[in-house]
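For reference, the structure I am asking about is given below.
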Amino acid sequence: MQEFTKFPTKTGRRSLSRSISQSSTDSYSSAASYTDSSDDEVSPREKQQTNSKGSSNFCVKNIKQAEFGRREIEIAEQDMSALISLRKRAQGEKPLAGAKIVGCTHITAQTAVLIETLCALGAQCRWSACNIYSTQNEVAAPRLKHGVAVFAWKGESEDDFWWCIDRCVNMDGWQANMILDDGGDLTHWVYKKYPNVFKKIRGIVEESVTGVHRLYQLSKAGKLCVPAMNVNDSVTKQKFDNLYCCRESILDGLKRTTDVMFGGKQVVVCGYGEVGKGCCAALKALGAIVYITEIDPICALQACMDGFRVVKLNEVIRQVDVVITCTGNKNVVTREHLDRMKNSCIVCNMGHSNTEIDVTSLRTPELTWERVRSQVDHVIWPDGKRVVLLAEGRLLNLSCSTVPTFVLSITATTQALALIELYNAPEGRYKQDVYLLPKKMDEYVASLHLPSFDAHLTELTDDQAKYLGLNKNGPFKPNYYR
Amino acid sequence: MQEFTKFPTKTGRRSLSRSISQSSTDSYSSAASYTDSSDDEVSPREKQQTNSKGSSNFCVKNIKQAEFGRREIEIAEQDMSALISLRKRAQGEKPLAGAKIVGCTHITAQTAVLIETLCALGAQCRWSACNIYSTQNEVAAPRLKHGVAVFAWKGESEDDFWWCIDRCVNMDGWQANMILDDGGDLTHWVYKKYPNVFKKIRGIVEESVTGVHRLYQLSKAGKLCVPAMNVNDSVTKQKFDNLYCCRESILDGLKRTTDVMFGGKQVVVCGYGEVGKGCCAALKALGAIVYITEIDPICALQACMDGFRVVKLNEVIRQVDVVITCTGNKNVVTREHLDRMKNSCIVCNMGHSNTEIDVTSLRTPELTWERVRSQVDHVIWPDGKRVVLLAEGRLLNLSCSTVPTFVLSITATTQALALIELYNAPEGRYKQDVYLLPKKMDEYVASLHLPSFDAHLTELTDDQAKYLGLNKNGPFKPNYYR
Amino acid sequence: MQEFTKFPTKTGRRSLSRSISQSSTDSYSSAASYTDSSDDEVSPREKQQTNSKGSSNFCVKNIKQAEFGRREIEIAEQDMSALISLRKRAQGEKPLAGAKIVGCTHITAQTAVLIETLCALGAQCRWSACNIYSTQNEVAAPRLKHGVAVFAWKGESEDDFWWCIDRCVNMDGWQANMILDDGGDLTHWVYKKYPNVFKKIRGIVEESVTGVHRLYQLSKAGKLCVPAMNVNDSVTKQKFDNLYCCRESILDGLKRTTDVMFGGKQVVVCGYGEVGKGCCAALKALGAIVYITEIDPICALQACMDGFRVVKLNEVIRQVDVVITCTGNKNVVTREHLDRMKNSCIVCNMGHSNTEIDVTSLRTPELTWERVRSQVDHVIWPDGKRVVLLAEGRLLNLSCSTVPTFVLSITATTQALALIELYNAPEGRYKQDVYLLPKKMDEYVASLHLPSFDAHLTELTDDQAKYLGLNKNGPFKPNYYR
Amino acid sequence: MQEFTKFPTKTGRRSLSRSISQSSTDSYSSAASYTDSSDDEVSPREKQQTNSKGSSNFCVKNIKQAEFGRREIEIAEQDMSALISLRKRAQGEKPLAGAKIVGCTHITAQTAVLIETLCALGAQCRWSACNIYSTQNEVAAPRLKHGVAVFAWKGESEDDFWWCIDRCVNMDGWQANMILDDGGDLTHWVYKKYPNVFKKIRGIVEESVTGVHRLYQLSKAGKLCVPAMNVNDSVTKQKFDNLYCCRESILDGLKRTTDVMFGGKQVVVCGYGEVGKGCCAALKALGAIVYITEIDPICALQACMDGFRVVKLNEVIRQVDVVITCTGNKNVVTREHLDRMKNSCIVCNMGHSNTEIDVTSLRTPELTWERVRSQVDHVIWPDGKRVVLLAEGRLLNLSCSTVPTFVLSITATTQALALIELYNAPEGRYKQDVYLLPKKMDEYVASLHLPSFDAHLTELTDDQAKYLGLNKNGPFKPNYYR
């Protein structure tokens, strides 16, 4: 378990905050913001709650919210028809019969639809939250009726966080044989505390960049002892999480925080990968003038052909109204850049982590911070200049806008299929390595979502399939095609 | 005063609601939503408040909020540089010296910047709110320091509404010589109660559709006894209020209320005027498939050339995900249409009034209304079908999104210039009629806003001006050009 | 006839070239380019030709091309279904019965469809060309079968030009009672030579900017002795001639002449009127980076909101790859600008005349001109720098691209309706003045073109019409609305 | 050499046409159309021509066109600055010193720039044409001055075609050590006739889909005896050949052939790969209403999110104005579809081959073919319905539009770098297999083209490079990233 020594045991606030993966501290504002925050102050761990079946094997904020949560779940189901459709198609054959899944993800209405689908397909589930803030308390409650044991609430302490995970894994008479993780904390905990559990585990499904990175490191170090499925990098999920979702959330995040008018604004977007492409397309369409910075000449050339000037940040920093980072890199926006920005310049981050803007450099005595709205700080220079910093440099799309249910449906369906694949794979198909979702399954996820758009696929004739050298049911593209 | 008999005196709830013009009941959600709503419950009319100069000649919610309001005003000033620039350019000559302006508009941070500009140019002002909900209490307070008497708070009763207007007009030793109105209620009140005041009035500046309509009716009936400036229809304001503003607010309003993903959604937009054009451009850009309905063949042909299918509402009503009205007409969406919509269809209104969707037809026993969020109702049919109705059919952009300060700056600058023009016009330039803002002034408003975009105008050479038959300083287009 | 003294009689090449209006010398490249140019060299005026009915009352290049021309006309009819539809609707009542129309326009397949429509509606026609280059010889021929007397061929001399016009007007036993003009040369000739003809004329229909300008001057001088209809400024025609047509022809013209790739190109467009808006929209959509120059702050502000940087030409002239003028002004691109352009910069004009680029300034000894393709000159500086000048600064869209038949259908339908209106108007409806096409007729032109797009108009209910104060059949907008 | 038996020896017209790869018969219309076609009729093989150095070791149409061709090459150089830049950077070290390259590609001005670059870098070259129609005679001539032996002219017979290739390969005292091929015919000839040549060959660079396919088949069969570089699939080339180039050429090809107006047209695009994406983006931007057909659910889902309706061809075939195939498949448009199209429907192909539209099915007695323009046929049904077929179903972008020089510059630079890489690779780096261009070289090609756009790359700091785990000079992305 050596490679995990970099994740310190919880010994205090500081170390704790480092030991939780990034996704554990970013919070979804979305539905969470509709959660009643005036709940009583008693810790759920100290409450005695019993569900309708008499079980106390769970820990949520308030089981009485179940009915309200049920409606939220029903609303979510309307935009997750792919999952419902999967539920119906596979319900007869129960492809997850016998599966005992321990999960650690955001606990939202959409996750509830996923879990209930897994149950409908035959699985038993125990679940905790991968983020101490993101749990929607009301949807944690109703899932219990399916016998799903949930341990999660909004506003967990660090200690609560690991306690919840532990309660999911460590139960007498029940041993998980599948792991569904988001961020790698659950996997880490099992490696660290219950390595023997892996003897029964048929596979790990991991959906976050961070968690996948950890898995590849384990694999590289020869320590990965079960097959793992990297669902983060499936084409369908990538396009939706990055290009399509960010195309909408950049506008939403900026509007909700600053009410800025986009028309005529000069904007610099750092990074022209999928996230940057999404941001730029939306901003250009609404009348902003967009500049790009890039390190990769191929992406830079694409930016040129798409009608954007490719510049160094210094060339435009004095003139732009908005700075957006989408690089995955660190210190892309430095204190020097911040010093040169004009008054009222808005700065925010759409990339993979909170390192892109050097926020720390702004914590100096000569600068005044003023919190003007939730998630909006004015940082004020001695001469009165204000820079508008959003979400303190954390992810704008997670902090200040919502993720459409439809996007979460893509992810959830991908996760469900990966679990089915790993659980049912014949011995030997998957080794102790990290796998991408097979192309055909990726295509299947996509096909399940087409009815939402009333989209009609064309089928190959036998003759055409032969001509193309393809199976009529796919896969239609090589694995590397995106 | 005969023509005003259609505006009944307040004798009860029903008549009251008719006696307030439409703009009086639509509420801006924007900054208003950041106002502390947990204020004490005492009516401002019963409070004893005194400003720093010892005057009690005002009535606001809480004078102690002045400092907080001041910051809001300062933030607004940053996006209203045109007005600040006008303030600076004209401050020396004080073109409004001697002007006594009575105003009735929304009371927001942006209005505060306008009023303070009028004061800086030499005017004295008394002000009330044109809408019982839209006042930002905190920005009502600080204006007092300039000696502006404000009578307005959020949540006025109908009686309060007219009382505030009356207090502005009816003051011993001070008689207004200019009126700035939004909706026509102030003008109505003066006509009705103090017709003699018009002997001193040099002009009325009116900015709303409703108010302008009333003025044209007065003029037609030969009852308009002073010149009036219709600033609603100046080109610059129109483009910003309709095309540019709606292009952004349709997205904002839909996202904030429903978190809907735009990509791939089928949307029908009723009406392809400027508002419709703005909505369609934005939705198309974000990947929606947009259909248009139109009654005017010229607008319909434009829709075709812009890449939209022009249909009758019945042809697509079963398949669309969103229905948006932008017609200015009534009963565009009928109960029959609503009956045929698919489950989860979103219905909202971006047009001029709340008549476009026949909401009344939904108030029948077999349908269940469920308020799922602020401004969002699910109307549920007996078979479980839900239609998502936004803002109960009132204006989405006013109810569920914000208006960018920059757009309000255009309007405020137009109002200020119209006041200056009417106040300083030589005898005889304007008769007892309704006028459009002269083209040259409209161009001046536009030019004051160009520096915000770092835009550089080209000047005509003498030779070119002669060739084109134009004055080098404009106007550059005939009055009818848009 | 004094006001016509500025149009000199033809006394030599120089004066001739001035005496023909601009539209007379711009040439359509379109179908004309498919015309066989290897015709024999004998002047049509010296040929003896007789049509199938034995008449020699015409003068065209080669009557034997009639069959080939017939096919071109049939192809044109397929995109002019509005005119065919008008033909069918009005054929029974023959609204032009008794009309004797003398016309002077471009002679193309599309004009043929117009003339044949006029004949079908009852008119007799005599026709000449408004341009010495633009006649498609093959379509001049077949019209004769309807008894239309055509006097036109490609490559007329100045003398031929006026001879043809004269032959149309001056015929024993036939006197025109309607004029259809394009450029005002026919009107000029009648004023000058046969003023008595105006006693019978019921009206003039004029479609060009130049011709309309002349008519307004006549009107201003009190010399206009019959009603005239300005069809150039009808909304539908304007939108198609400018915005929609230029959106396509800027791409087409640049591609056909230079094969330039648009993606990533930096382009400056001078002028952001309808033509400029069309050019910019297309170029931006294909990945060009577009800058705007403007003199009018309202247009400049629109450019900003549409996402373009507004600059002075000098600021970007060194960096741009393409310069496009759309101003209607003169000397917008000066020698100084041309001197500063970078190597390979493309310069062209989409505006109203050939004055926008100071081409004359390039005719100096130190510069070398090299004709590299038809309509493409390389102007070479002493240091080897080349500027690529298109169509010698004349209109790119007329010289180097084609005008879609559909656009010409809009114009032709407008002309036909204007003729019908003027011919049938009750005494007194039109005075000796210049009129715009009534809004309702403009709407009718639009409605006739909607079936091409399978577009379905919505009809107002009685209730709605009353609410809006409109007639159910239109007009739906005030005259000034565009 | 067994696997080549499927390429028959030339024994007659029929077999010949099969023995030439597809790219050999598609013709570039572009510059070729400016070539003087009235050349004398004597076959170049029968002419006696000597260049300025007294050599007769070449065979072109007319060596006297050298000067005219030189200017065409100079014009091409202006848009191929990347290649010129490569020439300058590598000229000192002569990385191709000793290379003896035999090439078989299209012979155009752009190819001339490539060949002259190879010579400047130290190579000796002998060249033939890969297509019997595409040679620009005038640019074949001037290359001789560098001692390049060219054997090619426009309008070769099948026999000429192989004779030219043979003359390049088979020369006493000169043996090739590198092959640059486009379509695989040269490679095929060497395999078939001079297998011993492969003993000296260090590598093959192949750029076409067809040629690459042949190489992979050879490799699979274990018959590939030298390393081969597949430059067709490098990211940069792919994006330009497909997405960016087709975005422009679909508009260009349709306009040049039909003058169709795009606005409001209903278009169905079969296939939403990169080619389809490019076509759709352009058409949508110009106001067309676009429908998609797809077999692959992932591409279909992308089409939905990009705002296109995904349909089966049958659903829209009756209503569309234009049908475009981009699938790479066969019989996508069948006779049944063609029978159901409406009058004037335009049908064309942008895909990989001429199989997509079943043109053969239209060669039946009841249908009349009418050639109305070059590359444009009207196929006429008994009831008079016309379908407008472009380029007889061959590639529209090659047949009816031009390929921008900039796109060819990308390809040529990629080819040059691949030759340098293979020629200089240390023993053992490349085995007898087909390789993709290394990512880093692909990035280098892109970076050489950035200066054309005045684009400025950002460089990683040491710290950032370490954080990302990247080399500061790239490659910046994994090989599979596109």
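All chains are identified by letter, namely A, B, C and D, in their written order; residue positions are counted from 1 within each chain.
As a convention for this text, a contact is a pair of C-beta atoms (placed from the backbone, for glycine too) under 8 Å apart; a residue touches a chain by one contact, two chains touch by 3 or more.
Values in this document were obtained by computation on a predicted structure and should not be read as measured data.
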If a chain touches chain B and chain D alike, it appears here: A, C
Centroid-based (C-alpha) most distant chain relative to chain A: C
Pair joined by more contacting C-beta pairs (A-C or A-D): A-D
Distance from chain D to chain C - Cα centre to Cα centre, in angstrom: 40
Between chain A and chain D, centroid-to-centroid distance (C-alpha), Å: 42
Centroid spacing, where centroids are CA-atom means, of chain A and chain C in whole angstrom: 58
In chain C, residues with contacts to at least two other chains: 244, 263-264, 286-287, 304-305, 309, 453-454
Touching residues (chain side chain B, partner chain A) in the complex: 30, 34, 71, 75, 78-79, 244-245, 247-248, 251-252, 255-256, 259-264, 266, 281-282, 285-287, 319, 343-344, 372-373, 386, 401-402, 404-407, 452-454
Touch list for chain C against partner chain B, complex: 235-236, 239-240, 244, 293-298, 300-305, 309-313, 315, 328-332, 355, 442-444, 446-447, 449-450, 453-461, 463-464, 467-468, 474, 476-477, 480, 482
Residues of chain D defined as touching chain B within the complex: 263-264, 284, 286-289, 304-309
